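Residue numbering begins at 1 within each chain, and the chains themselves are lettered A, B and C in the order written.
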Amino acid sequence: MLVAAVNAQTLVDAVGLGAVYALMAVGIGLVFGVLRLVNFAYGQLVMAGAYTLAWTSAWPGAASIAACFAVVLALSIVLERTVFRPLRTQSPAVMLVTTFAVAFLLQSIALILDIRDGTIGEAASPIGSLNQAVSIGGVDVRRVTLAAIVVAAIALGLLALLLARTTMGLHMRAAAADFTTARLLGVRADRVIGLAVILSGLLAGIVAVILTVQSPLVAPDFALKETIVVLVGVVVGGLDRLWTATLGGFAIGFATGVINGALPTDKTVFLPSAVFALVILVLLLRPGGLFAPGGRTAVVERV
Amino acid sequence: MRRLDELLPLLAPAALVVAVGLASTQVSRSWEISFLDALVSVAIVVAIFVFVGNSGVLSFGQISFVAVGAFAAGVLTVPLESKTFVLRDLFPILRDHELGNLTSLLLAAGVGGVFAFLVGLPLMRLSGLAAGIATFAVLEITHNVLREWTSIGPGATTLSLVPETTGPLQATLGALAVIAVAYAYGRSRLGRMLRATREDHAAAQAAGISVHRQRLWAFTLSGALAGFAGGLLVHMLGSITTEQVYLELTFVTLAMLVIGGVTSLWGAVVGALAVSGLDSFLARAEEGVDIGFTLDVPTGTRLVAVGALMALVLVLRPAGLTGGREPTIRRRRTA
Amino acid sequence: MTDAPLLVVDGLDVVYGRVPAIRGLSLEVAAGEIVGLIGPNGAGKSTTLHAIVGLVPPAAGDVRLAGRSLRGRSPEQIARSGIALVPEGRRIFGAFSVEENLRLGLAARRGNGVAAPLDGVYELFPVLAEMRDRPAGALSGGQQQQLAIGRALVAEPDVLLLDEPSLGLAPALVDLVFEALAAIRERGVTVLLVEQRAQRTVAFADRTYVLGNGELRMTLSPAEAGDTDRMIAAYLA
């Protein structure tokens, strides 16, 4: 039955998918923590990185990846200065609509740039060798899946250390918990926000590299579906705290991977509906998220 | 004079709509489609305004109701002879009946309203970010179900052969009807109670207003009007696909409302017409248009322009082109 | 020691929307003083403190620290200039440990202070030392108040502002707070104390301003602490 169809292969791939989604979840969660802003346009940052990789695919690998990071970071900073900062005094709903608009804007700009050569879609191939499979304990694992898991573990581990052990991390956690009081104690708002945006951008760059290896064709809607799924995971996991958001992102990635691997395609057509129905249920019953303690208090308000 | 001032918020947008409707009869066929599209957009955006503008709650899901209205009206007006071949898997009740134009529009409104009521019962407890996300989920669910459930519609294929009954007259009358209902609701006691919850949630509750109930009324009405607009839409296009009533339409109609001014009926109409005008112009410019000289912009400029305009308005003038206020002939007291 | 006051509020106007919360308020605090600020609810006491630390912009008037204007500065800049606020309701970070809360206070510290600033606070409030690794949310109300004060002191401010520190505390704990304030004054920190407990404040502070309806009504000295008639008149004015 369902259990029988889940083999080691599926599990490993699912963990890999969960790892990528966890990275995106952290990227979204970091910015949300300090700005209280859900960045709908996060997928477009990944898309921009992917396009950079595609347009520099003739360059040596390291240079291409460096360009990718440069573009994503620059775009993140520009967005923060021009869009997020002026909106800080607005309600979360207005901020959501604006990032929605920015997402469409960036996607449309990408379309214009992409279609100059007559076709939609560019091919990226930064590290072709990563697509090869390695046999571990009888299971065929693509190198990129391993790389994704390892990179995600390292990145998340480093981030956890940064947040828990350093002064800057303490300031960021305080800003996420109670921004006003943190400022009263001397925490510099612009530094904390700047750091969150840069870290978020770095993670988007990492995701861009991993995703382009897995699916080398880059189109304007690159990472859009993934962003929507990750947002679902983050909300269901719990938007308020970084670790619940990350766990939510990982969980939905893992679940998606398992379900897609285990069930035949014709049985998964209504999967999106089930997932989104779950989101609504969580928002109604446990607005703090599935993993949040108590489940009562949350940034997402209720009547 | 005072009576005129009360009626102006209804007459001004109505006049604009009638003007556009009249103009559409005077232009060439290819331009006529743009004008009709503008009028249907007005209907959709005003439907969205009825809920979003009066409650102050953001909803990404109103296009779901346009979708169900469009598909309901569409499926039930495809001529019977073709329907059995083209839509084989339909439920018998859908397959064996064919409705007239007006009936299909009323059905679309009914389906939209009922769907909105059922969705709104649980969802109207939510505010702010949660409402935005939950209504987005409704949009996704509607899209998914319409796309995969071939017993109620064409699924992923295009629904065509729908009678094209939305000409200048139907579009104008339809838009006027939606505006009139929105105006009447806005001036009614229900509308005022809902706006009170928008201004000061806690105070309104303390005054005995049930926030949940008022929002539910508006949401249901908005759903019915959106469904009706969906009927207008499908009869204008003669066909419909799930992608046409999904993310892009959600974005464009929301942009129209924001750019015009979220909190006023006038803003909804102005925004819809202004952005439609810009959109049509740019759509032509993408093909190359003659305005004295030939203007040729790259494909995709339309959405960039609309997106950029929306982002600019949100950052620089969040109240929109109209400032979110209704038109008045009295000089505004600056206080 | 100079004669010029350390903290000066000069003709301050603060407006919320269209409602004036404070009108033409002027007060001063000299270095080493403890000055009280009392008044009925809604008089504008908290607003005054918020305006000093930059949380609300003044519509008119000025706030000066050691002669330099603080207008237009962000809250974190003002904190780093040597003013610390112990906010109403304490606003500690419940999920962080006591020690982390104190370390957070170091953000406003200006360079060359004592080597181990936390030690000074642990000496003043020994119970915090005992609970240093516990989450701050596990502390009782009185302990949280001590933490909030300690957190502000860690930055070694020149001026300490307190917004109703005795709110919700049992009498024994209120005594503790006032004792701590006395010890703080001995360390050379200037204090502006906003309080509801009128008599206690008037008796304790060097001078006490009485605020009513956003305006300064009168100034009371400790000798007048027993004069209830005068105080009632002040509140009802």
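Definition applied: a contact is a pair of C-beta atoms (placed from the backbone, for glycine too) under 8 Å apart; a residue touches a chain by one contact, two chains touch by 3 or more.
On a predicted model such as this, the values are computed, not experimentally measured, just so you know.
Enquirer: Of the pairs A-B and A-C, which shows more C-beta pairs in contact?
Expert: Between the chain pairs A-B and A-C, A-B carries more contacts.
Enquirer: Compute per-chain Cα centres, compare each with the mean of all protein Cα atoms, and return the closest chain.
Expert: Closest to the centre of all protein C-alpha atoms: chain A.
Enquirer: Measuring centre to centre, with centres taken as mean CA positions, what chain is farthest from subunit B?
Expert: Centre of mass proxy via C-alpha means gives C as farthest from subunit B.
Enquirer: Can you give the whole-Å distance between the Cα centres of subunit B and subunit C?
Expert: Averaging C-alpha atoms per chain gives centres 54 Å apart.
Enquirer: Please tell me the distance, in whole Å, between the geometric centres of subunit A and subunit B computed from their C-alpha atoms.
Expert: 32
Enquirer: When the centre of a chain is set as the mean of its C-alpha atoms, what distance in Å lies between subunit A and subunit C?
Expert: Once rounded, the distance between the two centres reads 43 Å.
Enquirer: What are the residue numbers in subunit C that touch two or more other chains?
Expert: Residues of subunit C touching two or more partner chains: there are none.
Enquirer: Quick one: which bits of subunit A touch subunit C in the complex? Just the residue numbers, please.
Expert: 167, 170-171, 173-174, 177-178, 180-189
Enquirer: List the residues on subunit A that touch subunit B in their complex, please.
Expert: Residues 38, 82-83, 86-87, 90-94, 96-98, 100-102, 104-105, 107-109, 111-112, 115-116, 228, 231-232, 235, 239, 269-270, 272-273, 276-277, 279-280, 283-284, 287, 299-303 of subunit A touch subunit B in their complex.
Enquirer: Mind listing the subunit B positions that touch subunit A in their complex?
Expert: 57-58, 60, 122-134, 137-138, 140-141, 144-145, 148, 201, 211-212, 215, 248, 251, 254-255, 258, 298-304, 306-308, 310-311, 314-315, 318
Enquirer: What residues on subunit C touch subunit A, complex-wise?
Expert: 53, 55, 74-76, 79-80, 84-85, 87, 91, 93, 95-96, 100, 103-109, 151-152, 155
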